[in-house]
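Chain naming follows the written order as A, B and C, and within any one chain the residues start at number 1.
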Amino acid sequence: MARRGQSAASAGPSQWSVEIGVALATTIFSIIVIVGSLKVGIGWGAEGPMAGFFPFYVGVMILIASAVNLVQALPQSREDLFSEWGQLRQVAFVLIPTAIYVALIPSVGLYVMSIVLIAFFMRWLGKYGWPLIAAIAIGVPVITFIIFEKWFLVPLPKGPIENLLGY
Amino acid sequence: MTRHLQYLGLAALALSAVAVSPAQSAWEPTKPVEFIVPAGTGGGADQMARTIQGIVTKHNLMKQSMVVINKAGGAGGEGFLDVKNSKGDPHKIIITLSNLFTTPMATGIPFSYKDLTPVAMLALDEFILWVNADKPYKSAKEYVDAAKAAGGTFKMAGTGSKQEDQIITEAMQKATGAKFIYIPERGGGAVAVQLVGGHVDSTVNNPIEAVAHWKGGKVRPLCVFDSKKLDYKDKIAGDMSWNDVPTCKSAGLDIEYLMLRGVFMTPGATPEQVNYYVDLFKKVRETEEWKKLMSEGAFNTTFMTGADYLKWVGTEEKRHEDLMKAAGFMAK
Amino acid sequence: MEEIGNLFHGFATVIQPFNIMVMLVGILLGVIIGVLPGLGGANGVAILLPLTFSMSPTSAIIMLSCIYWGALFGGAITSILFNIPGEPWSVATTFDGYPMAQKGKAGEALTAAFTSSFVGAFFAVVVITLVAPLVAKFALQFGPAEKFAVYFLAFCSFIGMSKEPPFKTLAAMMIGFALGAVGLDQVTGQLRLTFGFETMLTGFDFLIAVIGLFGIGEILLTMEEGLSFKGRAAVINSKVVWETWKELPRYWVTSIRSCIIGCWMGITPAGATPASFMSYGIAKRISKNGANFGKGEIEGVIAPETAAHAAGTSALLPMLALGVPGSPTAAVLLGGLLIWGLQPGPMLFVEQKEFVWGLIASMYLGNVVGLVVVLTCVPLFAAILRIPFSIIAPIILVLCAIGAYSVHNSTFDVVLMLVFGVVGYVMKKCNYPMAPMVLAIVLGDKAEESFRQSLLASQGSLKIFFANGLVGTIMALGLIALFWSVISKGVSRLRSAPAGRSA
């Protein structure tokens, strides 16, 4: 499962394409910032700079830096790998369940989703037995509940199940 | 965001179902009550909310606990929007300052007092014109004359931008013809320290924000922006009491400004729920701790509920709209 | 000396069995708060405030301030073990603390961090004891221009030290500034860069960015490299504390320098975060091992921790003497004082001698007690790294989500955290430095605000930044810090031209 280092034959997206992608993304970001700043005014009035003055020049600097980064990235070798597909699949193994977890917290509630997330990881990645999974997957949210809701009175998002239990 | 709202709505529905079920008996909170402060920690509203939290806990006025939560983002817009969007959740109340009126006007963040359910006016906060004690000005008139003579170089520090402090500064400029440079700070405490440090010439701090420095002989009150003198006669600094501070009107500065310290709750609250909180605050007002806070901060202790309160708030909003328009503070 | 007499009287008050017990409870709660992202010191103090009404004000403030110490100590734990700084001033601790943990030296890193915290805080308390009135006067000198100068100095002494390509550093830092600018503009009261979205009103909170960039990003990187924390080999060694202590005296120069930086930044209202960054930046430049910073150098843990805690502690003084809280936690403490009828301000030291000196005495003892508590737990904390990744990773994810949520009670922030996680992963792989970005998010809007306040006061004239000795000196120091990095680079290049790093 755990493959370390890079085997020369493996394939994956090139560092080149990712570098270009990041430079383009920062360019888009800078344009958003510049547009937003123009909306609130970028002048230097009698009372010093207006609300958009700093963000505007910050945006311009991001734009310049992005351009330089883009130009510097273009001639780079296209051989270097950003990562192997296999490694990226590993990353996706964490990222996709976490994304689902985050997406469902508002409707299902944090506690229930945490049980699911921890159980999923332990089963799928760790191949643990169910008794241990049950102990940890239920134990952690319960401890969290006691510390946050009972001791420190910090309300966390709850869903229909918690409501049924009266919270 | 829509999900978030849906969830809130759902939770609120479920909660109100739970809340309504013990039908006949008076309503009571069934879980911890969130007391939202639409301002940062350490400010006047925050101090009042935390004092109330302390009083409620110490005297066991509520079976459930009370949790103070600061939601200061967007000049308090964050807190007001949260309450507005929690329709039907009776476990959320909010303490207001003037940003109930000024924030929607100055920023265009969509909320108004009409989106909330009024509970009670707890008190009105006074404003006083303060100068550094090392400066020679003994009266508001001397100060204003000096400001005029200085030709617009006098600096006034205040809390936030396009909020109560700046409104008063603007009104002073209109009334006297003197020009001030207004410097916004994040909180009343910081404003007072800028005055003590001599970085600005005056402030319009609330009494409670500056009282410690007055006791220490670092600042001097010139006049109070109210129609009558303050009632509190206990000696505070030397042989001066709050009652010895003249009104600004008597000094030729015809400006009155009081700030609402009131409580609202989420929209869609039932009369029983409102009554519960009204009773709670009545009990709070009876305690020694509350009276102490009132006299320390020289508050105007007017208490209002129901239709009176709603009417007062309506008039006040209109007045703020006029003031904000006149000052050119409205969002474009 | 009168102060010393007062202090001993304070000690007598504090050393009562009940107060010692209160102290222990406070420290333990504080450590829990410090460890869990999402619970800040402000939470703990606020919730426990009502409980303390049954005690005398002195016992109560001892308990509350011990929570503060506990949280300060606890903040370093997650920074070192999981690369997740729970508080802004723990960010710089991750730079070398986390690499140390990865090398299996978590115990050493934790010991160094706790000990440095103690040294920094202790130094600051001594300063408070001896020169309290002077310090309060010094703090009053800081108007907007002086504040800006301090931020400027913090930036200057930190930037220019990154090994990453300069334009990537620039892009990262500027993106941080842009994110920091979102929300309400404090000076004009206008909303900016929100594009009409209600969720953008509050801007991008530092904690959400950091939990994502550092915490989630690190989990993604670990996944890519295979399923294990590199630190799993961490040997549980009960003697690690003693062994690390033998090493520490070697870094006394760094410690003293960091103490001074910390106290200075704490008393000027800049606070602990710039202090930690500045101290790290300067240590990296001056140290013989500067080139190893960022790879797990113990000095890189000592410098920011010492400075952050010297600053955090000395910042309590302006609060007591002037009534201006330096942090949300301090603000809640302030609220507590008010409820007990103690009005912070210049008169507190005159009217409430017993209380003030009791508090200062409790600072000494609370620190000692706190250090003993956390040091005994070092092997325990280090052992957490032995928990298999497939168990600890989802738990970290859950705690990160809670941390992000509780900043504004918003589930949108949890989504944002995940986005920052992906960004952090890609940035790290593409050699964009994250530290300047985080520094810019934390300090950018404050620096801008004080800059514009200064210009309001001076009616647009930049001369205000050199108008008096104090502000001029700080600005000059900042410029030297900027300039010096160029010089020292030139000098070192001349000195060791052939030994330059391979590109």
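Here, a contact is a pair of C-beta atoms (placed from the backbone, for glycine too) under 8 Å apart; a residue touches a chain by one contact, two chains touch by 3 or more.
Owing to the predicted nature of the structure, the values given are computational and were not obtained by experimental measurement.
Chemist: Based on which chains are in contact, what kind of graph results: line, ring, star, complete or other?
Modeler: complete
Chemist: In terms of C-beta pairs in contact, which of B-C and A-B ranks higher?
Modeler: Higher contact count goes to B-C.
Chemist: Just give me the whole-number Å value for how far the CA centre of subunit A lies from that of subunit C.
Modeler: Here the centre of subunit C sits 24 Å away from the centre of subunit A.
Chemist: Could you please state the distance in Å, as a whole number, between where the Cα atoms of subunit B are centred and where those of subunit C are centred?
Modeler: 32
Chemist: So the centre of each chain is just the mean of its C-alpha atoms; given that, what is the distance between subunit A and subunit B in Å?
Modeler: 39
Chemist: Counting only residues that touch at least two other chains, what does the list for subunit C look like?
Modeler: Residues 47, 185, 187-188, 190-191, 409, 411, 456, 459.
Chemist: Indicate the residues of subunit B shared as contacts by at least two other chains.
Modeler: Counting only residues that touch two or more other chains, subunit B contributes 3-4, 7, 67, 181.
Chemist: What residues in subunit A touch two or more of the other chains?
Modeler: Correct list: 47, 103, 106, 153, 155, 157.
Chemist: For subunit C, which residues count as touching subunit A in their complex?
Modeler: It is residues 32-33, 36, 38-39, 43-44, 47, 165, 167-168, 170-171, 174-175, 177-178, 181, 185, 187-188, 190-195, 216, 219-220, 223-228, 388-391, 393-395, 397-399, 401-402, 405-406, 409, 411, 414-415, 417-418, 421-422, 425-427, 429-430, 432, 448, 452, 455-456, 459-460 of subunit C that touch subunit A.
Chemist: Residue numbers of subunit A touching subunit C in their complex, please.
Modeler: Checking each residue of subunit A against subunit C gives 1-4, 15, 18-19, 22, 26, 29-30, 33, 36-37, 39-40, 44, 46-52, 54-55, 58-59, 61-62, 65-66, 68-69, 72, 82-83, 87-88, 90-91, 93-95, 98-99, 101-103, 105-106, 110, 114, 117-118, 120-122, 125-126, 128, 136, 140-141, 144, 147-148, 151-157.
Chemist: What residues on subunit B touch subunit A, complex-wise?
Modeler: Listed in rising order, the residues of subunit B that touch subunit A are 3-4, 6-7, 10-11, 14-15, 18, 31-32, 34, 65, 67, 181.
Chemist: State the interface residues of subunit C toward subunit B in the complex, per the touch definition above.
Modeler: 42, 46-47, 49-51, 53, 140-144, 183-191, 197-199, 201-203, 322-325, 328, 331-332, 334-335, 338-339, 341, 343-348, 408-412, 449, 453, 456-457, 459
Chemist: Which residues of subunit B touch subunit C once you look at their complex with the stated criterion?
Modeler: Against subunit C, subunit B makes touches at 1, 3-4, 7, 40-42, 46-47, 50-51, 53-54, 57-58, 67-71, 73-75, 77-78, 81-82, 106-109, 153, 155, 160-163, 181-187, 189-190, 192-194, 196-200, 211-213, 215-218, 289, 292-293, 296, 329, 331.
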